[in-house]
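Structures incoming, each one as structure tokens.
Here subunit A shows up in two complexes: once beside subunit B, once beside subunit C.
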Partner chain A sequence: MSGATATPLAAPLAAPGRVLPRWVRLALLIGPGFFLIVLPFFGAMVMLGTYSLNLRDANGMGMGLSLWMDFASDGFNWSVLWNSVRIAGISTILSVALAYPVAAALLRVRSRAFLAFAYIALFSPLLMSMVSRAYGWLLLLSDNGFVNQTLGLLFGIDPIRLVFNETGVIIAIVHVVLPYAVLPILNTMTQVPPVYREAALDLGASGWTVFRRVTLPLTLPGVIVAAEIIFALSASAFVTPSLLGGGRVLTLSQLVYENIGMIEWGMAAVQAIVLLVTALAVLFVLERVNRATHAARES
Partner chain B sequence: MADIVLSAVDKIFGSDRVVSNVDLTVENGEFFSLLGPSGCGKTTTLRMIAGLETPTSGDVTIRGQRMNDVPINKRPTNLVFQKMALFPHLDVFENVAFGLRLKRLPGAEIKRKVGDILDVVSLTGFEKRAVSQLSGGQQQRVAIARALVNEPAVLLLDEPLGALDLKLQLHLQRELRRIQKATGTTFIYVTHNQAEALSMSDRLAVMNGGKIEQIGTPAEMYLRPATSFVASFIGRTNLIEARIDNVTSGAAHLSHEGLPLSVPAEELGAGETVMLSLRPERIEIRAPGAEGIDATVTEAEFMGSTVLYRMKTASDRTLIVQTLADRAPLRDGESARIGWAPDAAVQIRQTSVAEDIE
Partner chain C sequence: MSQSKFHLNRRHFLAGTAGLGLASTLPGLARAQENVSVTQFIWTGAQEPVPRRIAEEYVAANPHVTIDMIAGTNGATFPQLQASRDIDPEDPLLNLGFFNMDATERGKLVDMWLPITPDNVPAVANILPDYRQENDLGAFFCMDVCGLVYNTDYFDEAPDSWEILFDPALRGKVAMFDGFWPGNGLVSTALINGGSEDDIEPAMAIYEQAARDGQIHSLFTSNSQAQQLLVSGEVVVMPHFRGVALPWRNGGAPVDYAVPKEGQVAFPEGFQVVNGSTEAQLDVCYDLVSKSLEPQNVLDYCQTAYVVPLMDNVDLPEDMAADPAISPEAIANAQKLDYAKIAANGPEWSRMWNRRVKANL
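Take a look at the complex of A and B:
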């Protein structure tokens, strides 16, 4: 068939010269994002790898795994890693537990005005700079801050230690990551048609049973995505644990920062890689759970 | 004993009266259909029986007990949803066992009951299948099994076959009838398909604009429609308006196109205008010169066992005529002698007229 006799419908196919080849179009779509995200990531990984193996022999210890041995043999490193994982884990559980009912409530809101207000409130933590937000929490939670004064007035109790310990760090982390937890859960909830809930009720289920046996399993993928995002964010948090921990709550990201400050690039690289691998391992496990629940649905 | 009684039930959404003054009695073990065009309030009526909607006024009574304040999960009814609503995270067995597990029955009993009901709906061996791996017809049968296994007093079905292709529809219609007979469960079946309602039901109600127009057996509804809507929605008909010439010994006599018709006259007097339904198959094509009138074919539809004609009379009125296809059909433009027996029409009340959907 020649181009001249082509029907109008076939014309776009018959005139390939006018459009760019498929791979070029794809490359143009992906390119900018690729250069911004993937290249720096791999570049950083390569750099971290070379530093952690001391390939430049900056400190005269010789190339090889010696920095890794140093890290592994120092119990302090492990306890700080455990701090990071524990803080991230607790923050994740709390955020998801708080976000789920918030999402469920937002799903039921009819008033547009109220919905707009709710979204602004939800995203307000992201509108503030990290440092001023952390100082704000310090003021609220300190021994003679707003929270302790109110508690003292109401119950006549001594101030509860809420800053310069893990409690304060976790409160402040949950505050800022909550919107990232609400969104994926809310998104999954909107994809579950109300008819499943009605069907379960019709079969005799109570409200709680409907939640446990239908709503929660069907929204679990959103919960897992939320947990993945929150864990990654809180495991790598730096400003919040530094300021609210007051140096008494050490996380791996703070050690990395300190080592960079002391020009210990090699050890900083080892710690950064450990932090990354730990976060990836947790994501891997969560993704496995996600797959398993999907598989149960399709097999 | 009556299983379900609706008395003076209204449902208003905002300012729309979606269900209006519905009175309905469904007997124990009956296959009862709610028939009507889309949007006439069938689903809403069914949801009020199931407990998914509360009547704005009026009472829903099930087996003698007033249900208005009984929540959905405490009612002896189960609903097969228009969109099936099988749980996508559970396999066939767990979908069907859902209601039984809530009753905390022993595992062995659940297994036996699920096995029995899957046998009834011809799905033995599909226990471990994911619902996404079933065909539409199989999913529909799982939905029915999931409801029936709870042995509800009444099974409510909302257009359960609407989404299936015609052949499967016909097959499952027979299956449903068989299941209903085998279990003796009262069925309330919602459909907009008049053929389906006629062939399956013991009795049916025709709904229009939120109101019930008529309740009766399929034969009563077809042979003695009460309103113009029922007459035109169930099957086809010729709607005739005519003045009564005279009344003698309980019969009102009138004529249409010069041919006599008579209907029982309980409260009718001469000079009154009445509306009649004259079914197409009650009009005969007669030999030339026989008693009757001449009419011209404007459209002939060959339907296999019958032929459907649209014919124009001398006074330019159109009549639909249906005859057995026992000879070569008349062609467009041909004319023929037609006529009917005086008792061929029935008197109806004028309501709205159903649009011809075919």
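Take a look at the complex of A and C:
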């Protein structure tokens, strides 16, 4: 019965005359994503640009680069930008350093049940809201929190300030971005044939040499992709520095929010663009490194 | 030609006139029954239940009206409202909202509000004269007070001066709002140190020194952060609002509210109707404000949200009247800040705060 109904439906679709032109198929494939991602992005960029140049000033007064000059001439803005980049950089290095062994371990797990458990644990930070997660960290890391109480019981030491400073912010950022680091590294590791490693070991290389000369170079593209993702996410992080920084951790994303709150749209736009361009510059450098390592491997 | 059987008598004439009169009101009735959708902004926490109840009752009595509620803070919602009016002045994000004086003054700068007069909301006439707004831009029917919120396990006696925030004995045990001027003691500190809303420097210098000395444990941006800090004992005193602290205390937390001898900060709160709303929406908004200003609803709100009524037709129950924080003397002694100047100077203060206080924490 089902076969009888399937034939008449399938036949017209398979007929050569009914195949859509290539450009239409491409448009259908790309269109939804384009409208969802690219158009809003460019629309937002145009809006930011007009605000940053005061073009949306109702009086038409002060149109020009004054806001950009204000930003550039204030050392405070640069120190905050440096803070953002530094925190994102440290978070990226720590995340990748933690993610690499995790990915290597996941590659070797044979038990499906354990693998399922490991993936759930790994992705658990993404299953709860960012705000709840930040408050959870507050309870864990505060002076009277679980971590300090445990350290006090075990070692009899005074509470260590783990939150309302950069330490707490970086711990919480690494926690949430770790899954994004593990996935690309794990993906690259699965593409490296095990025979390479086995061949190197057969030729007498030590485990460290195999890692340094074979495994790491072959998985470097995954590491760089992970670093790109983590840096972009960390540089624009807002909720975590805001809730766990206690006012001590100043990032550009917080200044953007603050200026929006004060209806200083123009300066907020300038800062948002600077943050975006900085992130893009770092991503560009990482991508160049990626290509260089790829070229070196090919040669 | 047959004679007509219709004879116009007085009864027919009166019935016809009544019919015509009724017919003439039909368009108005039809308009009144059009579906109307209104968006109301309310505050979260203890300030939430009463406006929700009033809205539910209103919708039940007026099935053609829908009321969408947006719950949040002035700090987060006001910029969204202004952005929506920048995009389309005739289609604001909200039609009616609960706002503080800070947002009110910022809104006045951009023609955000419509008057709430005794003509469209008669109960406005019952608002205490000191709290009636110029040109009736807003119905401020209650107020919270900002003073010292402290950990009762730490203090044997309640702190009684704003100066305790800078007591070296409490180094690293003091926290405050990040950049919320009426609520973080900055303006109060200015006022008791020879400064004012026009001259914040005396207070900014004190806060800067406190930051350098490690006096300030942290700056918080939400009530939940403040609660966690205070209840855990990590922080023992902070400038905060009575209406926020008392629910914590009554929930069993070792927290209480104290009135500084230099005066607590008066923080009026009330309704604003947003410019750009349609006539039908405005009718609903004014109805809602009228209903909210009924004495029993005002009292219910004030008891639920631990705020002070500012209406001459609301009698305080004994337990409220006995609270020293809302005694007539305490209210009379309260610091009445110039919120217009705070709104105007806020961006410059924020720049100073970031560079001199936050950068030195």
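Convention: the second predicted complex is superposed on the first by the 277 of 299 C-alpha atoms of A that agree within 3 Å, B and C clash if a C-alpha of one lies under 4 Å from a C-alpha of the other, contacts with A are read in each partner's own complex, and residues count from 1 in each chain.
Heads up, the rule we're going with is that contacts are C-beta pairs under 8 Å (C-beta built on N, C-alpha and C of every residue); 3 or more make two chains touch, one makes a residue touch a chain.
Quick caveat, the model's predicted, so the values are computed rather than measured.
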Superposed partners subunit B and subunit C on subunit A - clash or fit
fit
For A:78, using the defined touch cut-off, is the partner it touches subunit B, subunit C, both, or neither? Pick first, second, both or neither.
neither
If we overlay the two complexes on their shared chain A, which of subunit B and subunit C does A:196 touch? Say first, second, both or neither.
first
Let me test your reading of the model: by the given contact rule, A:35 touches which partner, first (subunit B), second (subunit C), both or neither?
neither
Partner chain in contact with A:206 - subunit B first, subunit C second, else both or neither
first
Quick one: classify A:143 as touching subunit B (first), subunit C (second), both or neither.
second
For A:123, using the defined touch cut-off, is the partner it touches subunit B, subunit C, both, or neither? Pick first, second, both or neither.
neither
Enter the shortest inter-chain Cα distance between subunit B and subunit C once the structures share a common frame, rounded to whole Å.
47
Help me check something: in the complex, which residues belonging to subunit A touch subunit B?
193, 195-196, 198-206, 209, 213-214, 217-218, 293, 296-299
Seen from subunit C, its contact residues with subunit A in the complex are 75-76, 78-79, 82, 86, 106, 175, 178-179, 216-222, 224-225, 228-229, 232-234, 346-347, 350, 354-355, 357-359, 361
Tell me, which parts of subunit A touch subunit C in their complex?
56, 76, 79, 135, 138-139, 142-145, 164, 242-243, 246-248, 250, 255, 258, 260-264
Subunit A touches which residues of subunit B in the complex?
50-52, 71-74, 77-79, 81, 83, 85, 87-89, 98-99, 102-103, 130, 132-133, 146-147, 150
